[in-house]
C-alpha cells in the first residue's frame, strides 16, 4: 500500500512539529541566545542612542544569523543518532521532499520566532518605525534562506562527532549574501529611503534556495548516512 | 502479512533479490569482494561472521543505504540505485539502532510506518503491540521503555508491514527466550506467505523453513 | 578520443600519463614565469599614476584569476566524482584545494601590499579583496570537511557537494559584496583602479596568467600522483614497480 507524496509530506510535518513541541529547549535556547547576544553590544559599546541606531541593522541581523547557526544542530542530529533518519531515507517517497518538510518545521520553530522577536530588539536599539517594518520583512524572507542553506551544512556534518564548529566554518560564508542584502535593506530604510527593491534580491535568494537547497541537503544526507 | 499488491504485477508474485559481485571497502580496507547473492520468495538468508567482518555493511549495501565499492544489487532484476522508489515500497529494514523516537509514544512511533506503507489503523497498531508483548503501552513515551522493550517496539513494525522483503540486523538482540521464539514463528509465517528475509545473527535459528541460505563473511 | 579519456579514469594510467606530462609542464612553467616576471617587473613601462608600485598586478591579478578558476575545476572534478564515481576525479578535486587556497592567499597578500602605497593602510574593505577573503574561507572549509571525515571516498563525495554549493554561491557572493561596497562607499573611493592597460602592460600580464595556469597544472599533477601512490599503496602495480617509481 503506497501512500502519496503529499500524505508523507504532511506526516513528516506533523512528526517534526510534535517532536519540537515536546522538546522545547531545542528552539527556545537559540531565541534566548538571540536576545542575549544582541544586548551584549550596548554593554560593550555604550548606550549612546545615535551609535546604537547606526549599528542596529547589522547587529540584529548578525545575531539572528548566529542564533540560526546554533539552532541548526537540531535539524538532523537527533534523527541520525536514533536511526530514524535512515528510515526516512528508506521510504518510496522522494527524500528531498521529506527533507524539505523537516527544514520547513525547523524554520517555523526557530526562524519565524526570531523574526517575531526582532521588533523588541529594534525598539531597544532605537530603530525608527519604517526601518523596523523593513527589518521584519527582511527577516521573514531571509530566515528561511538561513534554514535552507544551513540544512546543507548540517547534513554534511551530521555524522561527525563534534561537527558544530566545522558547521559554522562551512555555512557562514554562504550566509554572507543574505546578511548583506538583509542588513543593507534595513540600513536604507533607516536612512528614510525606499528599500522595497532590495526585497526582490532577498526574494531571489529565497527562490533559489527553495529549489536547490533541499536537493543538495538530500544528497549530503545520503552521503553522511552511507 | 504480505500484500501481493505491492508486487510489480499481479501475476509476478515471485520476488527476487540479487547481489552481483559486491565489494565493500571501509577506510581503505576490503571487507569482502566478489560476493554474490540470490534470494527468492520464501527463502531466508542468514549472514554470519565475526564482529566487524562487514555483516552490517553488507546489509546496508543491500538496503541501498551504502554504495558498494563494486557490483550492484538487483530487485526484480532492476538495479536498486535506479529504481529506489519501487524497491523501498517493497522492503523493510531494521538496523542496529531502533529508529524509535524517544519523544513519541509507542503508537505514534508505529503510526510513522505510514511512510513505508505499513497498515497503521489503530486496531492494527494495538494488536501489533499486544503481539510483541507491549500491550497497554501504546500511550507510553518510547523513551521510558527499557532497551529490550524499545527493541521490541522496533520489531513491532514486522506485524504491520506489507513489504515482502525484510532486511534485519541482529533482530534477536535484547530479546528474551519467549521473544526469540515469537520472532522465529514470525519469520516462518512470512516466508510461508512468499516473503523473503535477510538477517544477521549470532544465534542458531530454529526454523521450520527448509529454504535457508547461509553466507559466511570474514571467515 | 573518448576512449582515451575513459582509460585515464584508472589511477594507474593517470599516474603514468601525468608522469610523462610533468617534465614538459614544469619546464614551460619555469620559462614562462621567468619571461613574464622580467617583462612585467623590469621591461614594462612605469605607470603614470601609480609609478612602479602597480607592478604587483603581475602577480596579484593572475593569482586572483587562478583562485576562481581552480575552485571551478575543483567543483567540476567533484561533480564528475559524484556522477561517474571515478577515483581520479576525487583525487584531482582533493589536490586542487590547497593550490587554490594558496593562490587566494597570494592574491590577498599582494592585494594588501598593493594597497599600502595607494591608501596608506595594510587593509581596506575593497570589494575585490573582501570577495577574495570569503573565497579563502570557502577553500578552508572544503579542506576542513575533507580532513574531518575518515573514510576517503565519503570525504570526497561530501566535499564535492560542498564545492558545487560553493560554486553556485560564488557569483552571488561577488555580486552581493559589490553591492555592499557601493552602498557603503565612503567619501574616498578606495577601489582598486587598475591602470587602464596599455598593450605594453597587458602582454606581460597575459604571459604571467598562462605561466600561473601551467604552474597550477604542474602542482596539480604532482599532488595527484602523490595521492594516487598513497591511496593505492597496497595494490600490485605500485608494489611491483616500487623501484622505478
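Order of writing sets the labels: A, B and C. Residues in every chain begin at 1.
Here is the rule we use: contacts are C-beta pairs under 8 Å (C-beta built on N, C-alpha and C of every residue); 3 or more make two chains touch, one makes a residue touch a chain.
Everything quoted here is computed from the prediction, not taken from an experiment.
In terms of inter-chain touching, the protein chains here all touch one another pairwise. Central chain by Cα centroid: A, whose mean Cα position is closest to the mean of all protein Cα atoms. Taking the mean of the C-alpha atoms as each chain's centre, chain B and chain C sit 48 Å apart.
Chain A and chain C have centres, each the mean of its CA atoms, that are 32 Å apart. The distance from the centre of chain A to the centre of chain B, with each centre set as the mean of the Cα atoms, comes to 37 Å.
Among all residues of chain B, those that touch two or more other chains are 67. Residue numbers of chain A whose C-beta contacts span two or more other chains: 226.
Chain A contributes residues 1-3, 7-8, 11-12, 15, 18-19, 22-23, 81-84, 86-94, 98, 225-226 to its touches with chain B in the complex. Contacts from chain B toward chain A in the complex involve residues 3, 5-6, 60, 63-67, 84-86, 88-89, 91, 93, 95-104, 108, 112, 114-117, 119, 162.
Looking at the complex, you find that chain A touches chain C at residues 152, 156-157, 159-160, 163, 166, 169-170, 172-174, 176-177, 180-181, 184, 187-188, 201, 205, 208, 212, 216, 219-220, 223-224, 226.
Interface residues of chain B, counted against chain C in their complex, comprise 25-28, 67, 69. Those residues of chain C that touch chain B in the complex are listed here as 85, 150-153, 231, 234.
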